[in-house]
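A, B, C and D are the chain letters, set down in written order, and residue numbers restart from 1 in every chain.
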Amino acid sequence: MQLAMVGLGRMGANIVRRLMRDGHDCVVYDVNQDAVATLAAEGATGTATLADLARELQTPRVVWLMIPAGLTGGVVDQLADVLEPGDIIIDGGNSNYRDDVRRAAALKPKGIHYVDVGTSGGVFGLDRGYCLMVGGPDEAFARIEPILATIAPGRGEIERTPGREGDFSPEELGYLHCGPSGAGHFVKMVHNGIEYGIMAALAEGLNILEHADAGIHQAEHSAEVAPLEEPEFYQFTIDTPKVAELWRRGSVISSWLLDLTAAALQENPTLEGLAGRVSDSGEGRWTVKAAVDTGVPAPVLAASLFERFASRGEDHFANQVLSAMRLQFGGHQELPAGDVLEAGGRKADT
Amino acid sequence: MQLAMVGLGRMGANIVRRLMRDGHDCVVYDVNQDAVATLAAEGATGTATLADLARELQTPRVVWLMIPAGLTGGVVDQLADVLEPGDIIIDGGNSNYRDDVRRAAALKPKGIHYVDVGTSGGVFGLDRGYCLMVGGPDEAFARIEPILATIAPGRGEIERTPGREGDFSPEELGYLHCGPSGAGHFVKMVHNGIEYGIMAALAEGLNILEHADAGIHQAEHSAEVAPLEEPEFYQFTIDTPKVAELWRRGSVISSWLLDLTAAALQENPTLEGLAGRVSDSGEGRWTVKAAVDTGVPAPVLAASLFERFASRGEDHFANQVLSAMRLQFGGHQELPAGDVLEAGGRKADT
Amino acid sequence: MQLAMVGLGRMGANIVRRLMRDGHDCVVYDVNQDAVATLAAEGATGTATLADLARELQTPRVVWLMIPAGLTGGVVDQLADVLEPGDIIIDGGNSNYRDDVRRAAALKPKGIHYVDVGTSGGVFGLDRGYCLMVGGPDEAFARIEPILATIAPGRGEIERTPGREGDFSPEELGYLHCGPSGAGHFVKMVHNGIEYGIMAALAEGLNILEHADAGIHQAEHSAEVAPLEEPEFYQFTIDTPKVAELWRRGSVISSWLLDLTAAALQENPTLEGLAGRVSDSGEGRWTVKAAVDTGVPAPVLAASLFERFASRGEDHFANQVLSAMRLQFGGHQELPAGDVLEAGGRKADT
Amino acid sequence: MQLAMVGLGRMGANIVRRLMRDGHDCVVYDVNQDAVATLAAEGATGTATLADLARELQTPRVVWLMIPAGLTGGVVDQLADVLEPGDIIIDGGNSNYRDDVRRAAALKPKGIHYVDVGTSGGVFGLDRGYCLMVGGPDEAFARIEPILATIAPGRGEIERTPGREGDFSPEELGYLHCGPSGAGHFVKMVHNGIEYGIMAALAEGLNILEHADAGIHQAEHSAEVAPLEEPEFYQFTIDTPKVAELWRRGSVISSWLLDLTAAALQENPTLEGLAGRVSDSGEGRWTVKAAVDTGVPAPVLAASLFERFASRGEDHFANQVLSAMRLQFGGHQELPAGDVLEAGGRKADT
């Protein structure tokens, strides 16, 4: 079927390629006309404006947006002016599901359907397919299902879950209609919240492995920090990159994020050059806020988010307050940077 | 080669089967002689005592223990009496790595090698192979490597990590010599600590999905608990089992633990019958203690452990103290059980 | 000066009493006319409607609301109809500071000032005074300062902070103009967030003391839960109520919340009758959301909030998921309730 | 009565002064003979060796050690050689309670009593008195009670807990016999664990206040970090030092640690010069390990400890791993330091 793609960054462009490979007809637009030209050369129909795009499409139209969340609102408004009742706008970006709820309500009087599609798969999606979490009206979902089926991974080689039989259901093919508008991005949001937690679990564990040699460095310990007890039990120099590779094989924690970790450590065993200032893109925050709103305990997901904040120095004033209190009640002076960083048995590289 | 297995529970028996399939010669022992008879019928050499076992084996002997951690110390002592210099004892159970360090030191004067093998793979290992984390002297590792190679998953169908070329290294075949005695169980301990964190991330996320309908149940809210703000954003009734299945396909969080979650929810979509009292078997505790000892922040791993403690009611007195304080400073009465449990929009089943 | 109080619950009534004791003139209103009659008998001017109240007051009027946060919006709207430019509405309840920002903006065109006053002090404020965190325009703050000075604790017997000299500043008297509308409730919100953290720290610590006898109960341990290591170090039967009392004297953690804890344990040493289902009234949630919004790590404040959610059973589904995974990968069965609860060395009373 | 003090640092010297003020007879020793001379000039009996010290004392002797925990074991051994059956050794330092249990058992055959006294009060104890948590045999406790009563704060001006009547019990005077050897330091350990939690709650809350102006700095936000949502709600420039002072007056969170925070912020409102590398002295670690051992959830206490570890850079490798994963799955580059640190609306000073 025919689809328009607005936004031809890495993900948008690869989704177009995956659709064209499967025989779909793609009309494309991006403010960067070079990106348009590139895909036009690969077989898509390029357009120069959103109005052009609308003209090129057969009605009822289907327009997929794959643009930064901050721009989505404006582009939806512009599209609303050039589209007609019965058309479908799909937001495949990383929008807050609350915006979906608002936008779907705003478009309803115009008869334009709004579908939110949480899209996971990163840079590997072109070949691997994308996991699609869809929110929106039944009618619109039914209409775009052929597109979703192409973008999703499909049956693949994954072992079927015991107890599932007969035809493959959509969720087994990698796409799911999760509920009304917003439900897709809600499920994607929680997916990313979980991702933060899994990433943190792996990172904390590997950090412990890196410190398994603390007993060897014990002599360097400073007086102000609690000494390592029983250094005889921390005499291991673990080859962390090899362990990450090992755990991919038959262990309970085998996972795609572990695969990526093993690849990263294979490429750069000491992770030299990485400053360890970890960004976050919003979904982790929204997940914690949703947990707070609904009264669900989420200490692991919250802790993983807060570790990222702290990695960027946002714990600085709090730590100064702690040092200030210690100075007040016990006269404890802070150690110079070098000394303290040796305390765990290693020097940080900053 | 020849190996003796002591302990023929699910894991011990399956390791023996996997070894025999690959042509190794197995001598077996268990206090439960029925288990011995079963494996003898499948081709192993059954024995009735540890002394028998020692007599059946060619020297230098290799004896693998696959018994509950609490019994390992005693059995090692008994074996030490019937074994000879040059023999190898392998502890494949879930021992604390500190016990390995102590046992290896105690056996050294007798010339008996001690090798600890952290073994992951659960009930699926017979077919899938076991991930093996090995600690001990180089010489002993070299001697038992053929056995390890058989028990491990081997090359399998897992995609090779980019950058790895040529012959497969041991870690790519599913076993790794991590360091001296204790290093194997240390790495296994951290593996399990990570496992707790990943499990908790998945469980917390799914719990948020389950509460995505909180806005629908809002009317039932009680006065004593903070009301749900903006109930219009919590109107989703998510089919959690389908979402778990979906995420297996192309998503960033695809993992073996997610596969198992999807299987569990397929089998029992509401998880009815499970009380939610979550056990822990020690490694998560040791991991947190190792993090504390070495000064490594592990908030996610610790939180996942503490959630298990709380699931078993061990937070009870602390919660009573909180209620008692609230009563003191604000005259706040606790709500009856039924009312409070409705607060999140649902009734707990207990 | 003259003040109207709307809402004569415990806090509203006590603030009126504290004001009258200091010679202020109070006009009062409550939907419960009995409460009005009670305070009229103590010297206040009772009124039957908000319109009456407006008529009784000299202009420019000052009206203090001390009502449940859920009702504030409606009452502010009603008051806006009977007040005039130059009048001041004070919200002394536990509103979300975001509502203050919205309400102040809505009242501005009418020339009515809006002041938010975060009020801490609980049931003890009548004698002890209330700590007042104030947001709103300078002009309005200046006008109501005499009232604030009376309601606040004043100089009291608290030792002066080293380095402070000369006249007492407002914050030393117990009230502070924190910034524009919303700033008062923002500071109060964070105050309560901190309160949750301190309460949790005390509760967790006392719970550890309660379990210091775990080694004595060790024999009762079950097989499915990790056994207590080194039971010889957990042989203490601590008298927790006495310890709480002790810590009030000269210790670093002496605090008003500890005073209350000691009082609660003096009254009911085993806390029998408390179910341990801990309510939360919103500020803790808003604090965590503010931390998330502004990228500030707040693991302690978040954990203390999540413990309350879990105390109300909102971790139930997550725990079922954990048990379900354990069953899948290891065939681990959940223990019957009684057995597991004994695991920590004690039986929970539910 | 007569007491020997070994270790004349700030706390040891002040305890001697407090005892002499109350008429007790003090014999003192320190490796630093200047410290001995100083106290001798104030009325104590100075000694040059532990053997001298033993000779100076009437039997049965009472010797109080106030030395760094790392040295206690050695000094106890030396003392054991010069003391006699019936003598008492008191460890008033910050020993791990497990060492008390071991030392008491070792001294028992020699007939020497061992008493552990957890001592809280910091640099203010000389005037304020010290909170004393005591472990040891009943007989020894009874013998040293007059000393304890002097060192403790005594009745003071603290309001009596409701329900307590008649004679003041020891815990109301500031000392308590908590149980057998080790119980004193166990209770002190938990006290310090709670202290970490309270400190962290205050520090996190004040950090949120510091970021209440995030909306004003919004323009500086970078693309890689989630933008601040609803900046209109983060427009407050809070005077944190004044708020800390305010909260001392009538608020629920008034506490000695808040008093110290207010003093620190009065002295240095921006906390300039503090690097925010927060030390820890062991008790927080032992508390978390005790919680883990006994199966007690302690997420707040653990999080407060882990924040300190992270403040010293011990989260570095974990954060590098997170950045490495993000690079793998999404091609996300780390931002340069300056950009990221601006993200929260402020520049860190390092």
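In the analysis below, a contact is a pair of C-beta atoms (placed from the backbone, for glycine too) under 8 Å apart; a residue touches a chain by one contact, two chains touch by 3 or more.
Owing to the predicted nature of the structure, the values given are computational and were not obtained by experimental measurement.
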Maximum centroid distance from chain D, chain identifier (CA atoms): A
Where chain A and chain B are represented by their mean Cα positions, the distance between them in whole Å: 27
Whole-Å gap between the CA centroids of chain B and chain C: 42
For chain B, residues that touch 2 or more chains besides their own: 122, 200, 202, 204, 207, 211, 225-226, 229, 252, 257, 263, 285, 291, 293, 295-299, 303, 306-307, 309-310, 312, 314-315, 318, 329, 343-344
Chain-level touch network, classified as line, ring, star, complete or other: complete
Partner chain B, residues of chain C touching it in the complex: 10, 70, 96, 122-124, 199-200, 202-204, 206-207, 210-211, 224-227, 229, 257, 260-261, 263-265, 268, 271, 274-282, 285, 299, 303, 307-332, 334-335, 337, 340-341, 343-344, 348-350
Complex contact set, residues of chain C against chain A: 252, 285, 288-289, 291-293, 295-299, 302-303, 305-307, 309-310, 312, 314-315, 318, 329
Complex interface listing, chain C residues touching chain D: 97-98, 101, 120-122, 125, 128-131, 133, 152-153, 156-159, 161-164, 169, 171-176, 178-180, 182-183, 186-187, 190-198, 200-202, 204-209, 211-212, 214, 225-226, 228-230, 232-239, 242-243, 245-259, 262-263, 266-267, 287, 290-291, 293-301, 303-304, 306-307, 343-345
